[in-house]
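Let me give you the structure first, and then I'll get to my questions.
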Amino acid sequence: MVYLTRKEHFNAAHRLYKADWSDEKNEEVFGKCSNKNWHGHNYDLYVTVKGEPNEDTGFILNVKDLSRIIREQVVRHIDHKNLNIDVEFMQGIQPSVENLAIAIWKRLDGKIPAGRLHCIKLYETESIYVEYYGN
Amino acid sequence: MVYLTRKEHFNAAHRLYKADWSDEKNEEVFGKCSNKNWHGHNYDLYVTVKGEPNEDTGFILNVKDLSRIIREQVVRHIDHKNLNIDVEFMQGIQPSVENLAIAIWKRLDGKIPAGRLHCIKLYETESIYVEYYGN
Amino acid sequence: MVYLTRKEHFNAAHRLYKADWSDEKNEEVFGKCSNKNWHGHNYDLYVTVKGEPNEDTGFILNVKDLSRIIREQVVRHIDHKNLNIDVEFMQGIQPSVENLAIAIWKRLDGKIPAGRLHCIKLYETESIYVEYYGN
Amino acid sequence: MVYLTRKEHFNAAHRLYKADWSDEKNEEVFGKCSNKNWHGHNYDLYVTVKGEPNEDTGFILNVKDLSRIIREQVVRHIDHKNLNIDVEFMQGIQPSVENLAIAIWKRLDGKIPAGRLHCIKLYETESIYVEYYGN
Amino acid sequence: MVYLTRKEHFNAAHRLYKADWSDEKNEEVFGKCSNKNWHGHNYDLYVTVKGEPNEDTGFILNVKDLSRIIREQVVRHIDHKNLNIDVEFMQGIQPSVENLAIAIWKRLDGKIPAGRLHCIKLYETESIYVEYYGN
Amino acid sequence: MVYLTRKEHFNAAHRLYKADWSDEKNEEVFGKCSNKNWHGHNYDLYVTVKGEPNEDTGFILNVKDLSRIIREQVVRHIDHKNLNIDVEFMQGIQPSVENLAIAIWKRLDGKIPAGRLHCIKLYETESIYVEYYGN
């Protein structure tokens, strides 16, 4: 079993808040992340797939195919977007980095033609990242 | 003459567009950077000061003072903000990385207590940055 | 289960040696790391916590709280310090990167208000790091 | 149990292709990676060993010994080499990053004097890496 | 005047040698860089353009146009290629990182539609890079 | 004219203080950098040489020679050392990053066999660096 990882990038705006909380409570819980005019990040996304290398190619799957699938299923839906407003698969979900990683897993699970999805690692800043393994 | 550089970070949302242009023209010129619901970035800001090291301290200026000044004059005004809406010193200015670097120079010029401001280097993504030397 | 990681920094001096070994034996085992006038490093510390995202906030725990706890329990005790002399929780412990990671785990274990401590990852240089999972 | 990782570098040329496939099939499967005049990479190699820190030294094993073993067993055989032609332990193996990581594991397994080999992590570019744990 | 930089990547094989020198002399001068079966690198290319930001767009030039020009004029000719054999604009030129930077300058000079080419910065490894300013 | 840069590393301990100042004044000016039991850093050193590439080799100077000179003249004197105590060429000099860069320039100036020394760039942390051009 070998683990193959591909890195992709996207930029997005978001805001952390609960519509049914007061501004004070949102400010207390989320601080400047609840700024009502939004803020944003450069996200680094690492997708890891596990499997056996093919005998002919030496590939678990062709990393160009992996890159294409990530772009089609994930990046083109969230790059240069507002995570709270523009992204169908984030509707009704608090766009924390934890929840965004889980949502990205769901977008990719079952779409990988060879090997199996193993991990979503998502950097929100160079000092904050999460990892999700599907359960 | 020695050049001393301090790196700071901030995150912000923005949108590139001209209010008096049609949506089509904005889309044509700015592409996905004109998304009307905003997008955002993690910005890395490098501020360079030049001067002679003090004989006693070996410092051009104390880098903790430089950091404090950058945070007071720049970072606290733009971190977790919307560059088009929230930032007084960006009002009426297209928030391209070029214009943001020039605006940051103006915020810091004359505020450095020892040495002289030499360069603003600003990364919008890890693949795009600008440098501005004051003229 | 999601894994959330926060990165912090500190700088410290240290020396690797055994007081009851001869200078020759210390030199043989530890090489230049046993230099009697100390040397030092910029350490990068990654603390990983695991848990379920809160339904309201999307957080395992607020990363600002995680950062505050790491600074209070760890960074303020070792930043700009001598690991052999100044740090109470390293007394009597060889300050190798392995032992320092274990000691940092012990400082943080039981102090995380939500989720559970999962991993301490500690870089001594960009080419050397250790990971410790608590047992 | 602590996990200790050492990073090393090497540069190499390679080509992905099957000798018994047509040029068209090689081009179709491997794309520009099958360029018949070769291309190349700067590889970053991370070798992780697990074990208990020694009571006297605080080391799982001396990281200088780990570095020396990696250089002797791996780096001097592949650095500034052609992976398809020059490297005995890659003969008859498709030099994908997956297969190269497995081959490096085999070179190091059983050669580590303290602790046990845990993981080979190999970057082919900054956006593509694999991990191999020995089975 | 603002300086705008765009980073691009490419991978290539090469060999440093003089055809009219003996193998011994090539080995003496170029060491393992003269390996007759080639070796290779991941190159990081930074292209800097200088100019005044446009009043409407805030751009010196649209960075997407800069990226497209670099890819058309440079990257598609050298990515996944052998610099000694495959690249027309390197014919008869020793493919040192110095000479490659000069050749890339010549490919781009006069092709930038707004602003002027200022600097080619080219990394051969993370420890070796050159800068060329056109004379 | 091409500018060639080589990166090297070293680790060192130091302390910023004036022996003829009170502890209070040292604390006030240097803060935790004056800790009497030292602290330390991983320094990244970039040495830039400028010159014309040799017609045969394509080199300004062989980067392996540049690396060897930096190690002989600089790194072996300061790596794993105490900058205040162990380093002859820092005697009587406040070991700020500014002064250390100037001292490294003096160690290398006149020692480069081809091309001319252009710049010493020295990182004390990933957020603080200085550049010195010889005057």
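Each chain gets a letter, A, B, C, D, E and F, in the order it is written, and its residues are counted from 1.
In this section, a contact is a pair of C-beta atoms (placed from the backbone, for glycine too) under 8 Å apart; a residue touches a chain by one contact, two chains touch by 3 or more.
Note that the coordinates shown come from a computational prediction; the quantities given were computed from them, not determined experimentally.
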Common touching chains of subunit F and subunit D: C, E
Separation of subunit B from subunit F, taking each centre as the mean of its C-alpha atoms, in whole Å: 29
Geometric centre distance via CA averages, subunit C-subunit B, whole Å: 33
Contacts with two or more other chains, residues of subunit F listed in rising order: 126
Inter-chain touch pairs (all): A-B, A-C, A-D, B-E, B-F, C-D, C-F, D-E, E-F
Subunit F-facing residues of subunit E, complex: 16, 18, 29-31, 93-99, 101-102, 126-133, 135
Sites on subunit A touched by subunit B in the complex: 9, 11-14, 32-33, 35, 37-42, 79-82, 85-86, 125-126
Subunit C-touching residues of subunit D, taken from the complex the two chains share: 1-8, 48, 53, 56-60, 62-64
